[in-house]
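A short write-up of the structure that comes next.
Per-chain numbering from 1; labels A, B, C and D assigned in written order.
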């Protein structure tokens, strides 16, 4: 009864999805795999007993035995494959970004609207993290009144050398852009960017500080520092009229040792968001079975990319930049 | 390919297992259910699409379409059903206690030894909790040296009226007895019990404090207070020669509100150990597929019950009581 | 042997200083008091046994029996009294602000330079808080590398009605401006201000978010929200190249009660910074005895006010504002 | 107006008291010092400008210029000096223990009763620690109902080699005995002791676990481990009918560094209880001026020693030991 899933892209993310499908997601099973490197696809197929290795992404997408698709291939291919899935009428979970350019994002939305059915979910997995969900509930129910500030911190232990100041915004901070929209339930209007001095460890990129204003004047702040060395550290505090609610990472044990009293810090996002990834797949499969889509829509993917584009412009110009999304199609209401 | 599981007992625990099988355990699926109250069995069967409702536990156990069994029926039935599963050659996950008396526990072990194959896992789910696992690793690897003390706290928000001082030991503290053996990897030798004064809310039972000594003179302490009102609170601290490692519950968000800065406390063990229950089933199913048994063995179930019996004796006599397990069968080495 | 101190201003702050002099500061004793409301002065004098009540601030300042002066009178009087103390050659601890205008701040500095001797300490008591001091040491010693970000939060439980958006910056955020300079040891170059929407409880003023850049491109952020209701909450995190160090308030006990696990939050700054006020007076008295001045200098007081002025300008103009301090006199090096 | 204090014993504790008198205690000043090592006494006297060095403890006690006495000399001398102070009619702060034997403790009480005036305070400084005070208030006001358990942990980083298992109880756990009586406001009735295996670092002494029962059946537990290496760690949790209140040490900053998120642990009791020592002296001086005595009385000192004696007996006998204090003199009511 479980959904037959095809996986495009068998790198780190794709392999993690395959593992979750195998061990934790009764509602779906891996039926097909494709990767430009056939060996990687075969490795995953053999581990999952029974998944077919396809010769191309389009063959996988179009094969009648594949009911839904996970797109975990390089960013530049996302838009094309997403549109292929839409045309084939197949639900797809597309890793972020939705597409490489805003125009291509719009093309994906146009195709989806044209098809008349919501099929695309963008893999902003944090929306399935228990902490963010509790924060969203608190915001929606105004448990501590209306939100006034949302403070986000995004620190990686070590970023690859090819990451530039631009990519700090486009690759990493984009997760914060999506989660801000998710938590606050409204659009970002203006983006300002402030560059801190570079760390001596990574002199080619600057840590960035982003200040955003929503339509209703909530202030959203994002610190993005990808060379923090001490560990992976994502934080969020939602400051409301009469109280504040913060993310608290899952740290199963505390240690007292060698003059210290505290906790081990996660090394990367896979450890930090393991639950979010698992729950994302589970709920995605369940939604497919129920004929709906959960999580971030194509519009959400587009909006996050549009904020990132505005942030890049703000960084380049040294001045605040407006986010112009255009009118939201009724299809995504 | 997933293991076809029969479920005996469709109360709270049984329903939770059914839900986990359905939503989180690709390696197993619910194929049969039995409950003395047929309506409860039918409710679960219909929710899981396709599970057959059996007219008796023994029919379920003996049916060739059932490959493995979960026993979640009343305590008094555990031993009989476990022996039934052993005779049918079927792996079983039996909720604690393994059996209602020590003699019956020994009968289960005798049956299993007689069958020549390990089939019984006792549902001490905490052994699958990520925090306890990290503690066990720390102990085994002597990361902070050898253990000296293990301090355990077991508090329930509200206990049913029928719980007596005896049942504080037999029903609740028994989880601590098992986890102490799990963490330390050795047997308990002596048990002392101290009764605190009763809470005014529950004057029929006393909170208990238990001090145990292991063979190698590690001191294990357990506070068991079942009327703590403020919430469900299970703690453990393993004090080793040069450091201490403590459980830290998963609290996804922190709140600052109305003069407070802190966290919501779980209301019961199902919320606190949700991950442990999920992982337990996943690994149980995986182990069945691999022909082995993980988790607490019948010997472990017997040992926990034997410690509880010694504790009851110590409570009754007002003096320390030795735990006499007899020789451990090589079968359980 | 203790320094004979005259106190100008016997309101809440003045009374607190008097109490600290009496009970915790062997190096100083209250010898004279003045308040526009003579009754308040007499109340303090009688409680401290032996302090003389003066008929005017200038009489107190000029009296030979007074060796040093604490200025805790209304803000508008600070500059005049500080200059009076300088002319009388008496060390003074002047509550912030140093003076009501930047010109008056400059006049105080000119008088002090003219006198050739450092006499003025501005009462930025946080510089004596153990937490901030540890942060400063960590920054100076580059324990976790050079600073990149400093994030500050300033929340009051309830602000008086007369506080406007302007006063959020000038009265409250000014503490953050000083502490940023203290921690980082360099000047602020540019200030940007973002106004969040007002709380429904206090619609006449907006919570403010301030982003500052130092000469060496450290980014300093300040959230200032004076109607947070849940309590008084001052936070600071210094993010350095390879680690982060945060303030952790002193909360002597943790409570588990009614579904909560956490801490009481302080209601106001007097509770939060009780140690800082005590240590400030002790070290001030000790420094006088040793012929020197510790804590914030007149230059520091001027700089904090200048940043506040730039922030007000940024708020009014809706654009970043440069902080132009002019050249720092060698006298304050 | 401040009380003229004589200090007997100029070791670590005595020197700390002298420093506090000089810098933090306006209500008292050091007027005389004595130490068997005259050089140590002279060093302190010269640092405090004006304290006279005495040739013997009794000269100091009897000198009319000395109004009150701090006894910080070796334990064996406490009783004799305390009686000397009583006979001289001078308030005394006597470091614990009150006297070397229970008989001598009784002799001190007899002398004090004979004199008809409370003069002796035993230096159980924890009674002045803000955390313990909040706990005591919570207990007295039954904020979370009546106490059921008090759990205490006493860990030192490194103990001197001469500390034996006996001294673990008599020297270290005695602080817990006093604080338990302080927090609960009632006497200890029975003491049981369990020895854990020794650490490989300190094989000559065993960590001890003590279980005590009060008259009203509150269970008090104490873990005493003096070789914990990772730091000095004193904890207390008061478990009441509907909530629990725990000590939370003052840790002014949190660090995230090198894979860790946490706090530095104190190295010893002087850092941990610095505030308690300071407040103890301040309130002692204030009470003398007011003609009263605060803190632990001679009866409290006697009771703590009597519990320690019972614990030693329990350790030796391997069986619970009753604490027989005899009737409490009305003088100490």
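By our rule, a residue touches a chain if its C-beta (ideal position, glycine included) is under 8 Å from a C-beta of that chain, and two chains touch if they have at least 3 such contacts.
Everything numeric in this text was worked out from a predicted model, so none of it was measured.
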item	value
Shortest contact path, subunit B to subunit D, counted in steps	1
Remotest chain, subunit A as reference, centres from CA atoms	D
A-B compared against A-D, more contacting pairs	A-B
Centre distance in Å when subunit A and subunit C are each reduced to the mean of their C-alpha atoms	43
Geometric centre distance via CA averages, subunit D-subunit A, whole Å	57
Chain centre separation in whole Å, for subunit B relative to subunit A (CA means)	38
Sequence positions of subunit D contacting 2 or more other chains	144, 229-230, 233, 242-244, 251, 254-258, 263
Parts of subunit D lying in touch with subunit C, wherever the complex brings them together	1-2, 21-27, 29, 49, 129-131, 134-135, 138, 143-144, 242-248, 250-258, 263, 282, 286
For the subunit D and subunit A complex, residues of the former touching the latter	229-231, 233, 251, 254-265, 267
Subunit C-touching residues of subunit A, taken from the complex the two chains share	144-146, 148-149, 151, 192, 194-197, 199-201, 207, 209, 211, 213, 216-219, 221, 223, 225, 227-230, 233, 239, 241-244
